Every structure is written in C-alpha cells, then in structure tokens.
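First the structure, which I've put down as structure tokens, then a few questions once you've had a look.
So that you can tell them apart, the chains are marked A, B, C and D in the order they are listed, and the count of residues begins at 1 in each.
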Amino acid sequence: MIGLGRMGEGMVRRLLQAGHECVVFDLNRDKVDELTGAGAVGTNSLEDFVSRLAPPRPVWLMIPVAFVDEMIGKVVPLLEPGDVIIDGGNTHYHDDIRRAKELGPRGLHYVDVGVSGGVWGLERGYCQMIGGEAGVVGRLGPVFEALAPPVETAERTPGRDQVDGSTAEHGYLHCGPTGAGHFVKMVHNGIEYGIMAAYAEGLNILRHADVGSRQHEKDAETTPLRDPELYQYNFNLSEVTEVWRRGSVIGSWLLDLTAKALLKDHDLDAFSGRVSDSGEGRWTIQAAIDEAVPAHVLTTALYQRFASRGESTYADKVTSAMRKEFGGHVEKHSAGI
Amino acid sequence: MIGLGRMGEGMVRRLLQAGHECVVFDLNRDKVDELTGAGAVGTNSLEDFVSRLAPPRPVWLMIPVAFVDEMIGKVVPLLEPGDVIIDGGNTHYHDDIRRAKELGPRGLHYVDVGVSGGVWGLERGYCQMIGGEAGVVGRLGPVFEALAPPVETAERTPGRDQVDGSTAEHGYLHCGPTGAGHFVKMVHNGIEYGIMAAYAEGLNILRHADVGSRQHEKDAETTPLRDPELYQYNFNLSEVTEVWRRGSVIGSWLLDLTAKALLKDHDLDAFSGRVSDSGEGRWTIQAAIDEAVPAHVLTTALYQRFASRGESTYADKVTSAMRKEFGGHVEKHSAGI
Amino acid sequence: MIGLGRMGEGMVRRLLQAGHECVVFDLNRDKVDELTGAGAVGTNSLEDFVSRLAPPRPVWLMIPVAFVDEMIGKVVPLLEPGDVIIDGGNTHYHDDIRRAKELGPRGLHYVDVGVSGGVWGLERGYCQMIGGEAGVVGRLGPVFEALAPPVETAERTPGRDQVDGSTAEHGYLHCGPTGAGHFVKMVHNGIEYGIMAAYAEGLNILRHADVGSRQHEKDAETTPLRDPELYQYNFNLSEVTEVWRRGSVIGSWLLDLTAKALLKDHDLDAFSGRVSDSGEGRWTIQAAIDEAVPAHVLTTALYQRFASRGESTYADKVTSAMRKEFGGHVEKHSAGI
Amino acid sequence: MIGLGRMGEGMVRRLLQAGHECVVFDLNRDKVDELTGAGAVGTNSLEDFVSRLAPPRPVWLMIPVAFVDEMIGKVVPLLEPGDVIIDGGNTHYHDDIRRAKELGPRGLHYVDVGVSGGVWGLERGYCQMIGGEAGVVGRLGPVFEALAPPVETAERTPGRDQVDGSTAEHGYLHCGPTGAGHFVKMVHNGIEYGIMAAYAEGLNILRHADVGSRQHEKDAETTPLRDPELYQYNFNLSEVTEVWRRGSVIGSWLLDLTAKALLKDHDLDAFSGRVSDSGEGRWTIQAAIDEAVPAHVLTTALYQRFASRGESTYADKVTSAMRKEFGGHVEKHSAGI
C-alpha cells in the first residue's frame, strides 16, 4: 500500500485486522511508523517497498489523483512482469484505459478500484468497484473480501439465492474491463451528489418555512408573499431527520449522518457552505453528455457546488446589468439568511 | 379508520397486532369483512362507525385526497365536541389549515399525519409526521407508537441519549401546529423524488456506457462521439446496485428496492416509463418558490416525471420548428433506446 | 392614470404625444406637477381625479402590486356603472379573476393589461397583452394603439397579409377573458428570465475561459483541471456581444442592452450580483406545475436569482456537513472570482 | 471553398455578390456546376482546386465536422508554406488547437471561424467569430467583411464611437488565438439552445393553459388540479408571438422565426418533437464543467433535446420500478397531449 492518508490508513488497518500482511509506504514517515506499530511492514523508500513484496507483487496506490501518474512513473522501473498496479484513488477512468495500454507491453497488469466508504470504511468495510482483467482481479479476491463489509451488513435481496458466483453481496464486484471500476465509482459519486443535494434542498425548504413570520418590504423590487400565514412553521430539523430514519421511504446512510450532524449543531454554524467537488461528479456529467443521456439532477447538484464557491457571480452581475438597462432596476442589498 | 385501501388496511392490521381495538369503515364491503375477520370491528355506515367509537372519538381518514372534504362533510354532523378528525392521507397542508379553522368552532379537533412506509408499512412500521394541537396529539401517542417502527430499526444517533422526551426515535414526531405534519411529509416526498431521480439518472448513464459499440451516422444532424473506445462497457446493473448496498455512501432503502427490482428484470421490460406524481412533489416546489429558496434537484426530478408522460412534446416541437426556420434542419427519426 | 412611477410616467407622456388627454394622479405631488407641465390634467385627490374623467371612465392603475387592492377599494366607491378599471401592473392573474368577480355586480368592468417595455417604452412603445370582456377592450383600442410601438418596428411576418383584424402587429393583443393579459405577460417574463440567464451563463463561461492560466492547488479537495492549455483565452466580452448583434442566431434586444452594459463596464464592477425577481417568474413556474408541464429552463433561471441572494446557503451547509461526516472533508476557503 | 452544402453554398454566393473570386469544390458535381453557373470557378478535384488558387492560398473548408480531418489530410500535401486552412464548420475547438500544432511545422496557417446565420446568411450576412494568428486573420479581413452583415443591420451601441479599430460592428471579430473563434461560437450555440428552450417552455405553458377545461380522473395516482377555473385559457400562440415582436423585452430574431412558424402551423403538426443537437451545446457544458462554472439553463436545454429523443426512458423505467416496489404503484397509461 502506497499512500496512508484518510483512506489508505483505514484500509491497511482493516487488512491487518483480517490477518493480511501489508507492506506500506508514504512520504509522511510518521504515518509509516504508526502503521508499523499496528503490525504493517513499514518501508522508507520505493525500492525498499518493492523489495519487501513477493512477486507477482500487488502494488496498491491510494494517493491523490494528481500524483498517481508521477508515482507510477517511479515505481514501474522497479517492478517485474506479472506485477499488478492497483489504483484505488478517485481516478478518471480515461486514465485507467491509457495506463493499462502503457503498462501492458511491459507485462504489468493494471487494476482500477473505486472505493467507497470514506472515514467509516475501517469500521464498516469498503465497497469496491473493480475493473481489469478477470484473471488478475480474481486472484486478488481475498484482499477485496477482507476490505469489504461482511455480507450480513444488509438483508438479502429476494431472489439472490438463485444467483451463483457473484461477489456483489460480499461488497466488491468485478464490473468489467479496465476502467469499469472507476466508471461505476464515478457514477456512484454522481448519484451521491444528487442524493446529498436532494436532502440539502429539502431541509432548506423546511428551514425557511417560517418566512411568513418575518417582515417583508413592499416595493416594486420585492415579490410579496401572498399568504404569510401559510409559512409560520419553526421546524426542529434534528428531530425531523431523526424521525425519517425509521420506516420512511427516504431512509439512508446519508440521512443517518445528516441526523447526527444536525443533532450536534442545528444551525450548522461550523460551516460556511463552500462545497468542494472531487472530480467524479464532473466526469459523470461528461459521460452523460458523451452518451447523450439527460442527467438533470446529477448536473444541477454539481452546479450547486460550483455556485456555493461564488462561481456564478459574474453571471449574476450580467443579469443585474440587463435589468438595469431595460427596467432601470437598481440592485437591492438584502440580508440573505 | 375510514378507508381500507393499500395504506389503510395495513395500518389497521398493524394496530390490531399491537392489541388496539379498531373500528373500520369502507365503501368496499369486502375489505370491511376481511378486516373484521382479522379482528377489527366492521361497520357498514358512517352512523354505525361513529356509534361504535367512545368519545372523544379519534376518526382516522385514510382515503384519496380528492374525497377527504366530502367525507369530512358527511362525518362531522355525527360527531361531538372533543372528537378528533385525523387525516393520514397525502393532503395539501393548506387544506389542513383551512379545515382546522372550520372545525374549531364546532369543538372538533383536527390532526394531520403524514405517513410514509408504502406497502411495506405493515411489516416495517409507518413513519409518521404529525401536526395539530399538542394536547390532542399527545393523547394519541399510543396509536402513533403502535403504527411506528420499533426504535431498534436503526442504530442510535450519537448524542441522542442526551435528548429527553423526543418521540423521533420511535418513528413518529409532533412537528408543529396544524399542517406541520403534512408540510414535513410533503418535503419528505419532494426529497424522495430527488433521490429516486438521482439513482435513475445514474443507472441510465451506466446503461448507456456501451454507446461506443453501437453504430452512429455521420451527418450534420448527428454529433459524432469523439472517443467511441471509452464507451464499450456492458454493466450488469443488478450486480452493481447489489454491491452498492454494503459499505457505500449511497446505501439506502430505495437502493435496496432498486436492486430487488433489477434482479427480477434487468431491462425493466415490465415498465413503459410513464411516472405518476401524487402531488407532494408539486407542493414542495410551490413552497420553495413562496419561500424564494432554490430547489433545483427536487424540481427537475418532478419535471422529469411530467416529461415522462409526454408533456414536453409541444415544447420540443417548437424547438424543432425554430431549427427548421433558421437552419433548414429537418427532424431525424431516431430509434431511441 | 393613477401611479406615475417609472412605467406610469412614460405611458402618460407617450399618450400625450399621441394627442390623448390624460388625467393623472399620484401620491407624489412633484410627479403630478411635472406631468401637468407636460400637458396632462393633474389632480390632487382621487375624488378630483374621478370627477375630471367623463363616464364611462377608464381608470388605469400603474402602481406596485402590493397596493392595487387597497387603491381599488378607495376608487370603486367613486365610480359609476360602466366605468372600467384597468390594471397595468405586474398583477397575478388570480387576482384579476377575483377582482372581476367582485366588480361585476357593481356594473364595473375590469381589464388586465400586461405591459412590457421597461424604461424604454416611452421611446420604443409598450407591448401590451390584454385580458377582459371583448367589447370593453375593443373600445379602449385607440389608447392601446397609442401606447404600442408602431407596426414598422419589425418586419412583417410572412403570411401576415392573410390575417384579418388582428392587432398583434400593432403591438397590443386581446389575449382572452379576464386574467389572460396578465397570464401571457407572466409567461413572457418567465421566458425573459430564461433568456437573460442563457446569456448570463454563456458570458460567464467565456469569462472563465482563462482558468487554465491561473494557479490551482493539488490536493484531495481540489479537482485538477485536466488540460490547462485548453483554457488560456481572455475574451473581450463587449466585443463578443457586439459581434453577435449582427447576423447571428442569438440577436435580440436583450443582447443589444448587454453589449451596451459591457461596453460601459466590462467587469460589471458596479454590480454585486444580487438579482431581484418581481413575481411573474414565480407564478410562471406555479402555472407550469399546476399544468404538469416541465419548465426546466425557466425554473432554474428563477432559482439562480434566489441563490444570488444567498438563499441556498443553508442547503450548502447541509452538504458540507454531510461531507464532513462521511469523508472527514473540511471546507476549503476559496477566493471565488 | 471546399464544401457546398447549406452553409457553404450561401457563403460562396454572398462572396460572389461582393465581387470576390471563388474557387469551389464539392464531391457533389451538381453543386459545383450550379455555382459555376453563378460565377464561381468550379473544380473537379482537390488538385484542380488548389492549382486554381494563387499562393498564399486561403482554403476554406465548410464540411461536416466528421470529415474535416480526412479532408485536411488530403489537401495538405497539395499546399505550400504560407497557405492558410480555414475551418468554418462546427468544429470542436480542441481540434483547432491540435491541428494548428500539426500544421505549424509545415509552414501552414490555420484559422478557425465560427459562422452563425444558418440558411439566412446569404440574405442577412454571416456573423463570424475568428481564432488564429493576428496577421493571418488580418489579411483575410476583406473576405470576412464581405460575408458579414452590413454595419447598418443594427443600431449603434451607445459609446461605440469611442472604440477604435474594432471590426465587431462589421459582423466579424478576431476573438483570440487558435480555437478562440470556435470557442466563442460554441458558447454562442450553447446560449442559442438556452434561448430556444426558454421560448419553447413558455409557449408550452401557454398551450396547456386550458388544462382546467379538460377532464381529470380522481384516483390515488393522479394529482387533482386544485383550481380548474384558473386554467380555462385558449391562447392563440401565433398572435401572442406576433405581439411580442414589437416593444417587448423578449424580442429577438428567434422570436421572429417562431412567430413565422406558428403562423404557418399553429399546432406544429409537421413536427414530431425529436430535436437533434450538433455538438456545440455539449461542448459548452463540458467547458463549463472544466471551468467549474454553473450552467443550469444551458445544460437543461441540452438535456431536453436528449430527452426528446427518448434517451431518458430507462431512467423513467427505474423510477416506475421503485414506485412499484415501495408503494405498489402501477403505471398509468395516460394519453399525453
């Protein structure tokens, strides 16, 4: 395992708990020492790292996407035909396809693994979506299984007893040829963005359900609320999200986490609302467009993140400028909520 | 309980199982007989129904929204001050507020209950979001609790042990004054639309990931796919949804159901794709607009349902007509997928 | 004419230029005096105003929507059967229908006029969309025609010579019964929002086409730009909008105004980007939803305005809170552009 | 000029009218003969074509994007250093950048021109957005000017008299280095999609304003219209679009064309509503995403086109399948409108 950040460290610990031997490397020596203390074989150079693995070596990379190609460039000269590079990061599947083509002539295999589970993976297990050659992926089965959540995590889907030989119930899946793992993970994250935005928007609507009890100005620039008496509710959102956790149609793990966050801090004052995006949401939309398939929800969820970072300000200024030109409208300075 | 349809019947059965006495009425005599066989007190007229209940009577309506006002008109003359009308249907909260105002002077109470759980409620329990006077709602606690899912259904949210007197963990919640129950249920369903659309769009993108392997025409009316080799995947969506059920960030009850549906019928040939909407999604958007709060995802999910029923066809024709006028573009007859 | 604001004043001046006699009233005495100087009959009370008009009196209201009902309440007792109240403001057509019902028994007529043209109407003429009884609307024809732009403003639509008796080419149209004028104006404004947003978004994309030349951080919270060399353009947007004004498919009056605004101030530093909405955009969406018709573009344009005023902040905070819970992601503080 | 399709033919004719000499080539001999008859120099092979041009040769390609690279491959061996290849098609600007890099070492120049104007360009002139080396673009000025609309086409933007040396008023603009022309044209088309969708949606809402007068079923699968009396309008859309052409804020050339199309065929029965997209709309969104800039309107307009071709059907089936699973909802077969 190369890369002992948030995800990498958790994965190593989970593998160790399952009795696997793990050779680890990271530029951060403290992390290496920490995991050595937990039973891993720590190394302090790539040469050292490679030499501690027996061929055919499975070299699992768990590092930020921006550094993966550089790392592959460094580690490849140290490897032998038959070795396998596994990229478990949030890689664009285009890069998987390119890399597999580059590594093939050297006799090296490339496996792409989309890993979901976040900081909870150590405890809950990591859901793994895998792409690459079937034989190579098959040999790594025990590793994937150790990382994955146990089958009991979820109730059996009716009809599953008729399905032979699938690992899907065991929390990992060989999705197809090179890139298939990251493609499925990419869309997984696209869906994640959409679901998160659905909850966020709904809670925002509940939060503003008291709008009728607040004062509004009467002028040509402000739309009057027609029936203020219909918007007099002060909802307790930590209670609302809690009640939804049992028996409702919208129960989910993300809801569990939302209920937890709101219980800690109903107003979410610890957050400013600038939401990052890590790439998969964008690539999902690019795939949708290449496929000529509509993806209204996933796209608008992504754009909401862009907008949360101020990226629509110039567009808003253009709109204000037009309004001034045709109607003499001067911008109001409202307070926001 | 008046109304023994899909939801009403399940609720009566669940109450009976918990040892509650239930007086039932429905225009459909067979349903009444069936539930009488299961232990309920069947009645064959509203007069009969009311007379079998001891005051203060809780009269729970579980009928299509379009018939609720008519039913209230019929039952009100039979009731006495102190009696309670409970509307558990998918009512617009505006109607709750109006009705509570109308019933108040007669000494009748009105409680609105948003019920989630669908056909699974009998087995899983019903999540209930409740609006009305605190005292009246409080007296009905045992009924709500019997209908609700048990607290063990979900793991405890960290910090919940510090919260006193909340029923949220027990699957029901007094959300606020009249209309609050249906308001929260309304937004709940709005969120539900968004989440469903997120999965649907994502699966559609996965489904079309083989677009590069299909033949495309080269002409001025068709956009060529720039890199067909990037879209050569044939994903097994029942396997993909299954693997996401364990350890992934997007695990949810709706995903469980999706995995089940796809396992039965990967191509979903049993469905044409005409999606109904039952009102709450629309009202959620209307609330968002009244509150001047953006709801991109929830709205677009609703519109997708409208579009699935052919309601955007005229708009599409207008677009085609414009294209013909400015560019001489003639419509292509493509096959769809 | 009651109400001499931005629109009302311009309309009176245009009527005076066409040789019409105008009796005017406004709470702002200076405005009344100003227009008296321009040839109008100024009045200093509603009684005075009504007494100067010969029956059947056309009483045209041009005041903020929030004050219309109050004004009607004051003026109605002064009127006689056969008089006509004309509401030329941005009224919700629901109110038109209600008012016409209220006024009918008193023998008063009600005409709703949606007026487009903004501060340019005095010079260009006002486009008028009219609802009400055909006979009453017909008698007001000369007034509407004087306010409207001349027929030569636009080239004749091919085939129009075959159409008899239509006033559409003359810039005003009896669209249908009560409310029809404001309904058409409402949708007109909904479309306006969509078109404005289309330009605004496109210009924002052009504005950010230099993103590849700016520095980006490499970390797990920032998506790296895959090909920075593809985004090295510094477009001059006042030149770009100018070139689009001649011969392009997207030429329009709004584009003319945009080119003008950008020539004055390329960076639009005079604007902060808080965009108001005056109601019609919201009502358009509510109509779309009542009709079960998708309106993706018009809705998202409206939401963009809500968001420009900070109304999605709580939703963004919810998203940030979820990301922290499942992935340990801490918000970045980016600078925006 | 290579390529005498819809656009190419019109451009040659416009150049001939302006007194320019044009050498033309097309695989379709009839087209070549037709234009030879109109004064062009017809050629029947690429060799012939090149030999008729004096160096430095301007070779303008006006062919479908899918064939451009192939054509460049054929013509390049016939050219000499200093010659210029001009691509006036709907090319992705990524390809411009690549080609300029490939042609540079051979001493060939590459100029990209985004051309708007459609079938009307011959009559109205072509709006041209140009990318490439300033010197090369400058030398082609007379050609661009002949193709462009005359400056009188639009009223002068206030302040333009202060601007020196800009060609923007003359209908063509050197937007920046290689690719800049097609980048601006790409966004231009993205905006075009948005504007078209805005009109289309608005007209669709007007079209359905009679929904209250149509019969609706009362059942749990159909949302009842709360106030049918509010939706009793039968709008004449050819009249409505005509009245908007004069004095309204939404006047535009696209509106002119819409009014024309609706006058010919109010119900647009000649169209089925399958809307093609020619690429620029997609690329605009991809640019927005690369730039991390929200583009809600432009994207949803594009998706509407995808959906018009049936590409969301599988997503809709997934939604139906979920509804069946959780609520026992069976699809309704509605008639659409």
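To be clear about the criterion, a contact is a pair of C-beta atoms (placed from the backbone, for glycine too) under 8 Å apart; a residue touches a chain by one contact, two chains touch by 3 or more.
Please read these numbers as outputs of a predicted model, since none were measured by experiment.
Peer 1: Which chain's centre, taken as the mean of its Cα atoms, is farthest from the centre of chain D?
Peer 2: Result for max centroid distance from chain D is chain B.
Peer 1: Return the chain pair with more inter-chain C-beta contacts, choosing between B-D and B-C.
Peer 2: B-D
Peer 1: Pick same or different for copies chain C and chain D, depending on whether their interface residues overlap by over half.
Peer 2: same
Peer 1: Can you give the whole-Å distance between the Cα centres of chain C and chain D?
Peer 2: 28
Peer 1: Please report how many Å separate the Cα centroid of chain B from that of chain D, as a whole number.
Peer 2: 42
Peer 1: For chain B and chain C, what's the span in angstrom between their mean Cα positions?
Peer 2: Centre-to-centre distance between chain B and chain C: 37 Å.
Peer 1: Could you pull out the residues of chain A that touch at least 2 other chains?
Peer 2: Residues 118, 197, 199, 201, 204, 208, 223, 226, 249, 253-254, 260, 277, 282, 290-296, 300, 303-304, 307, 309, 311-312, 315, 326 of chain A touch two or more partner chains.
Peer 1: Report the residues of chain D in contact with chain B in the complex, numbered from low to high.
Peer 2: That would be residues 5-6, 64-67, 92, 118-120, 196-197, 199-201, 203-204, 207-208, 218-224, 226, 253-254, 257-258, 260-262, 265, 268, 270-279, 282, 296, 300, 304-305, 307-329, 331-334, 336-337 of chain D.
Peer 1: If we count contacts the way the header does, which residues on chain C are in touch with chain D in the complex?
Peer 2: Residue list for chain C touching chain D: 93-94, 97, 116-118, 121, 124-129, 148-151, 153-155, 157-160, 163, 166-173, 175-177, 179-180, 183-184, 187-195, 197-199, 201-202, 204-206, 208-209, 211, 223, 225-227, 229-235, 239-240, 242-256, 259-260, 263-264, 284, 287-288, 290-298, 300-301, 303-304.
Peer 1: Under the definition above, what is the set of chain C residues touching chain B in their complex?
Peer 2: Chain C residues touching chain B: 249, 277, 282, 285-286, 289-296, 299-300, 302-304, 306-307, 309, 311-312, 315, 326.
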